[in-house]
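Please read the structure below before turning to the comments.
To keep things simple, chains are lettered A, B, C, D and E as they appear, and every chain counts its residues starting from 1.
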Amino acid sequence: MLKKTTIDKLPELAAALMEKGTLVAPVKEDAGFNFREITDAKQVDLIFHNTIISPKSAFFPQVEDFVRYQTGKSILEAAPVELNLKPTFLFGVRPCDVKSFQIMDIHFSGTGVVDPYWQKRREATTIFGFAFDMNEAADAAEFYHTLGIGAADPEGSDIFMVRKDDILMLKVITPKGEKLMTGLSFLTDASADEIKYFDDYITKGYDYKTCYTCVDTEAIAREFEAIFDNADFWTKISDACLSCGVCTFVCPTCYCFDICDETLFSQGTRRRVWDACMFTDFTLEASGHNPRTKVYQRLRQKVCHKYSYHIRKYGVISCVGCGRCTRYCPVNIDIFSIVEEAVKAKWYKRL
Amino acid sequence: MSFEPKILGIACNWCTYTGADLAGTTRLQYPQNLRVVRVMCSSRINPSFIFRAFQLGADGVLIGGCHPGDCHYNTGNLYARRRLAVTKKILEFSGLEPGRFRVEWISASEGNKFAEVVTEFTAQIKSLGPQTKFKISQ
Amino acid sequence: MTENNPYIPMPVEISKVIDEVDSHDIKTFRFTFLNKEDEENFKYLPGQFAELSIYGKGESPIGIASSPTQAGYVEFTVQRAGTIVPGLVTAALHDMDEGGKIGLRGPLGHSWPIEFLEKKDIVVVGGGFAFTTLRSLINFMLHEDNRSRFGEITVIYGARTPGLLLYKDELAQWEKRDDIKTVITVDKGDDTWTGRQGFVPAVCREVAPSPKNTVAVICGPPIMIKFTLPVFFELGFSKENILTSLEMRMKCGIGKCGRCNVGYKYVCSDGPVFSLAQLEELPRDF
Amino acid sequence: MSRIGVFVCHCGLNIAKTVRVSELAEFAATLPDVVVAKDYKFMCSTPGQEMIVNDIKQHKLDRIIVTACSPLMHEQTFRKVLTASGLNQYLLTIVNIREQVSWVTHDIEEGTAKAKALLNGAVYRSRLLVPLTSRVIDVNPNVMVVGGGIAGIQAALELANTGKKVYLVEKNSTIGGHMAQFDKTFPTLDCSACILTPKMDAVLQHKNITMMTSCEVSEVKGFVGNFDITVRQKARYVDHSKCNACLACTEKCPGKGISEWDESLVKRKAIYIPFPQAVPQKPIIDKESCTFFKKGKCRLCEKACEQKAIDFEQQDTFVQVKVGAVILATGFDLMDTKPLVQYGYGKYPGVYNALEVERLFNSAGPTGGKVTLRDGSEPKSIAILHCIGSRDKNNHEHCSRVCCMYSLKFAHLFKEKTSADVYHFYIDMRAAGKGYEEFYNRIIEEDVKFIRGKGARVAQSADEPGRLVVEAEDTITGKFIKLPVDMVVLSPAIVPRADARDIARLFNLSTDKQGFFMERHPKLAPLSTMSEGIFIAGVCQSPKDIPDTVAQAYGAAAEALTIVVRDKMELEATTAMVNPASCCGCQNCVRVCPYGAPSYNAEKKVSEINEALCKGCGLCASVCPSSAIIARHFTNDQVLAEMEGLMEF
Amino acid sequence: MTISFKQIEEKLKTEAKRLLESGQASVVLAYGKGYDEKHPMPYVARNPSDVANIVFNEYCNYNMARYLVRYPAGTKIAVAVKAADSRAVIQLIQEEKVKREDLVLLGIPVYGMKNPKTQEIIDGKTTGGLYNPVLYDILLGDEVHGQAIQSPYDVLAAYELMDKEARFAFWKKEFDKCIRCYACRKACPMCYCDPCFIDQNKPKWGDKSPQSHGNLMYHLTRFHHLAGRCIDCGECSRACPVDIPLYLFHKKVAKECEEMFGQAAGMSIEDKPALVNFRVDDSDKILE
């Protein structure tokens, strides 16, 4: 089922979704775009390349409150914070970011203990994927195609959107999407031409841009294991690294967090807050011991986590090639070059 | 009810705190809006204490130390003067009313000055109204 | 959000506090559950740990010191952390008394591999404060329902001084039993000490059983581990048969927060118990 | 999870009148971690203290909050209560609801509200207190006394008699001070020299006293029990170790200087002893008036000296003295009355100040004890003007306390030595002291005239050249008086020594509004100062008479003794320490510390603090960007918590 | 005159090579290729052969002084310094974090540096009004003259004129954007504390979660910590992923410090950092 509307009717679509629940969509801010809860239907803006912060924050917000407590009062009086989620529409997510949700699903709800916050938010949300504009000049930082993600890859979306000039086409991908779409009565059916355009666009998306393709993730994992102890290599790689948290905070697949008790007067909240393996105190133990005091050890952890440990543990690379870490790195460290150098280009095929 | 500001005072043990005691001993009357933290020296005052005080909802912050040159620790208040001057500029540029933060040198013998300063500062804070800019909203 | 939420601790009450050592910085806390169903759900085995949770202070992962054979309560032996800047949770806990209520999240992590240990001789080697989950294991194995499942049990336990030995009453009881060989040693004795003096590695060399069908379970300060492992290698123990428990900074305890990984293993959810053979496969990042 | 006990004191009605104390205790009981909260009439009384002791035991309290008077008042008292109960004394918090609450408001609502806020702050702070161990240090048994007047002399003798070694530092070339300048002392009229000079001599002879005349303290390092003081020995140009006090030199000396001793009324030699009974009896050369120093030749004294004690090359030297305690008895100056032009001092020769008159009466003085005007004539009428510059909001607000009495003494002596009419111009007569009122009555009997009104102006007489006219309003008759007299005696304000502030800085003392040294407590610790181990005696603390001064000297000696009598003493544990795990090695602490306590360990890349040198000001903690420095008892988190508590309600 | 970036790059390469070959330096902190021309990277040359990777262009904004404290004491380091960067080196020498004798300063006189994101020329914002290094051993090119030297504080005027309500609103909006990635402090050559005050649990100065109050505490305190030390390189703002104009606040504090204490940061090795110093005759007026 391919439906369509025009870009100038976007506020109408937004308003309809806002009526049904919470709409989260890209909004233009000073420094660029970010996903925000929409309060004014006119805020929704699809003329963007990608957001600064990845949409993971829709399911894994930077701050998630667990419990409200009062110091000096019994633990029995502490109250868990209820989520009270309304149906949520995550609108305009780029295919690579949609892919990140699937990777994060494995971690948060697919293996071991289920994270209830991730799961509940995920369940409440309908994802509107949105194809990249293939007429746009390539962004040098991105490499999603290398990881097998198409520029117009509908996988993982509930509804997938492609823009053609001033027309926005929406295709139902999942039953969840279908249920929603049937309720959006003002959308019109797409023409046969448009259906063809849509299908071609998706196909074309797999060949779009990026100049490598990944052939063997297992081998990458092995290669990183082999150079783990090569301190010279890692030192050189991290010469420029400032050890800040930008790359991890903007990353769609970084999930590290801290659990903090934040109290004012006697009222407090236990909450989880994003943390970053690049921070020096991340692994600082109470005893004072810290296994990762050096910048190179932390950068190694980050890269190996994504390209080795995650493959070993969950079978997939924990990276979707969205390029945010590279784009927002204050010193332009390019994670792909590190991978390339580490694996000596062996396990990527240059296209 | 009229606005009764909460004013945080930080006073050095040797001069201003003792001066405040003297104000009491001599039964000088002043408004009860000031709540004093005693530290050993005005140089102990970490600028972040002041930021924090405003975050905690202080409508004004009053710092009291020995007169420059009379510091019990020789030079403490001379460092404090520079540091607190910077604090003041930072507060000002951040948009907080500059009148909410004051540093006064009050010696152990100046009970009357202590009472006067508190009276006057309290009136000033009252006229500025509640401080909401830094205050953490829960 | 209380249902099946692994981040919400269950309430427990301190029913007993034992001041373990003469420096008074290690205490054993006995907790009873305030909700019956929590007690039923808290099924654990020796070697597992739990997060002790005090709102406003935080959480601290601590190994369970009691044995599941002791019904009705769980025990944790907690050291007051931090000499210069006190740890938030442990300091608060140490200031608490019977009747105090805190939170507990767990049981977490993997236990000592009980099935693997069955029908084998066991040598338990402990040093100082790191004896807590070993005590759990020993009491578990010594329980009348379990004793027959295991072969000979040898316990080698050392502390710096007699006053720093944990569980003194139990040690005395074990020494009296004939189904367990208990060797207690201190680095330096005092006027009243009549037992052994000497470092754990040396004592191991002397009293450790033959490696044949024997598993060594070792926990202690890094320096002890460093000198004890070669002794066991020399004695002919294979890396598969030497078990230890790792420590890393932890937060969530359930393999989500990404903090305690060593290579692709999370110490909290994949450990903390590892055999030396498993550890060797991991990068030296701990 | 502390167990806090809160004890609210009524202080009779002092607190209870404007703070609802029982409500305060009830409020405290609702606060987290507060296990017991009580109020009581006098918490500092024995039953009050016992209540705390019992509650500590009964309720297993581990933090105590006493909500009462200023910590400067009773912190020590209650710390002892904690110690006696087996609790570390630093687990005490005092909430000051008297000096800073009940005494400064009449409004019980306001008072109670503020007391609650302060108490809440204390509870927040209290939770974070940790036991601290006091440092024990060796105590140097010696004492330094600064100032060789009657206070210093008396204190030095007392201490020396207990067997302690005393360094008596005097900036003049003789000890004796102002008292040695007086002729008679009120109200007994005994001869000042007769009672003082034996004491001066005793100092000279005492084996335990090292007299350091012509000396000034130039640097003070260290702390109570271990002061390390640098004394500047000013060049005397006479080697006192060689001089045998024959004084042949002074006879030959052609130089003429102005006698400071005789209040500039006469001249003296350039090599001189200030007065015949000076101690030591050894001369010094005044560089300013010495012919050799001025013109490059003379050296007559050198020739006269058989001992070869004259040394024109002598330089100032510096002597290091180590002592455990210090007594400051630096005395006073008379206010310079020249700026008070209405009184014509310095302009009209007939106007004298009190000390000049003392010298006129003195038989060893410039006139040999005869009262004559500068022209040698005897005055026929004399006006004594009280309260010149004191009790005067424009000058010195304080009462100089002894002027009434010495003025009465002057009147008596004038009557005894001249036939002049004597007039007192006074605001009111202050004669509080043993035998003082009797003395006043006696002087009234002696036909001295009393005019109740402050002397307003002294002018030259228009009618009689050379005579003066005192103008005043007689407040009894309400009439304006113009009284012609020959001599006017001003009784000026007694003020601190000109260098009192410098001395205060050296010894880390505070001074009061007038510049007198501040005592630790005006009533309960009048001789101690805010600097541990530094005591004060005599007029340097405030104007007082000789009996009070001597009493203070005894007291100060006893206070100093309480320190130096011990081999070891405990110091406040409130020093700073570095948490090496947080130290970023910026060395800010090293740069700012006035005492050199922090140093940088380049190997470990962290700062370290020598606690023996640390005085606990906390400056280092606030310049430490990474919060690595823990200012014990005033840690960042303790202060932050207290602020949070203060701001909660 | 115009700047030849290519020429500077060549000189940088030549000097780096010479220093590494002669052993005068064991590392050279310079600039290297990034993933494209607009995104060069900080680069460390350790061998003469590494020198070929050195580049210099108008996007080489990095303040290489930031990396100095990473190397063990005694390491001979050659470092490429532009105007503000040299001030950072001076400030670090003042603070005894590095020793002058361990450093070879390769001075770069330059103007026309650009922000790769906006293409805007950033000289006026963040060079402290300077184009030539304050301190150097070797100058790679001719001193820049004739460029309009503006007051480094000119850009503040608009903000100083704002009324306090508007200014508060401005900063609140900016600080609320902060995601606490700490790129600002990590990019700052003067922020060498480890741990940073904000990371501490005891004392806890501010919450870890990126909410208004914690952000405000973090930034204001950081401004205070850098008072009299900030050398106006602008790295904090450039590193910020959400474009908080931190440099403005730092500049304001620097301006006030210069006025009050008569000393700008990083201008002379002989100076003592202004906030761990005092003059007896500092006026009480500074507190008004």
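Convention: a residue touches a chain if its C-beta (ideal position, glycine included) is under 8 Å from a C-beta of that chain, and two chains touch if they have at least 3 such contacts.
Just so you know, these numbers come straight off a predicted model, no measurement behind them.
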Legend entry - Remaining connected clusters, assuming chain C were absent and nothing shifted: one piece
Legend entry - Any chain in contact with chain C as well as chain D: A, E
Inset, instruction - Tell me which chains count as touching both chain A and chain B. - result: D, E
Inset, instruction - Count the C-beta pairs in contact for C-E and for B-D, then report the pair with the higher count. - result: B-D
Inset, instruction - Averaging each chain's C-alpha atoms to get its centre, pick out the one most distant from chain C. - result: D
Legend entry - Most central chain, judged by mean C-alpha position against the global CA mean: B
Inset, instruction - Averaged over CA atoms, how far is the centre of chain A from the centre of chain D? Could you give it in whole Å? - result: 73
Legend entry - Centre distance in Å when chain A and chain E are each reduced to the mean of their C-alpha atoms: 32
Legend entry - For chain B paired with chain E, centre-to-centre distance based on mean C-alpha positions, whole Å: 34
Inset, instruction - Calculate how many whole Å lie between the centre of chain D and the centre of chain E, each centre taken as the average of the chain's C-alpha atoms. - result: 53
Inset, instruction - Return the residues of chain C touching two or more other chains; collapse runs of consecutive numbers into ranges. - result: 85-86
Legend entry - Overlap residues in chain B, where contacts from two or more other chains coincide: 47, 52, 56, 69, 75, 79, 83, 136
Legend entry - Shared interface positions of chain E, touching two or more other chains: 194-195, 197, 202, 205, 275-277
Inset, instruction - Would you mind writing out the residues of chain D in touch with chain A in their complex? - result: 31-33, 581, 644, 648
Inset, instruction - Using the touch rule from the top, collect the residues of chain B that touch chain D in their complex. - result: 6, 8, 13-15, 17-18, 20-21, 23-25, 27-33, 35-41, 43-47, 49, 52-53, 56-58, 66, 69-70, 72-76, 79-80, 83, 107-110, 115
Inset, instruction - Spell out the part of chain E that touches chain B in their complex, as residue ranges. - result: 159, 164-172, 197, 205, 212-213, 216-217, 220-221, 223-224, 227-228, 249, 252-253, 256-257, 260-261, 274-280, 282, 284, 286-287
Inset, instruction - Could you pull out which chain C residues touch chain D in their complex? - result: 84-86, 92-93, 95-97, 100
Inset, instruction - Using the touch rule from the top, collect the residues of chain D that touch chain E in their complex. - result: 582, 584-588, 591-592, 600, 602, 623, 625-627, 635-637, 640
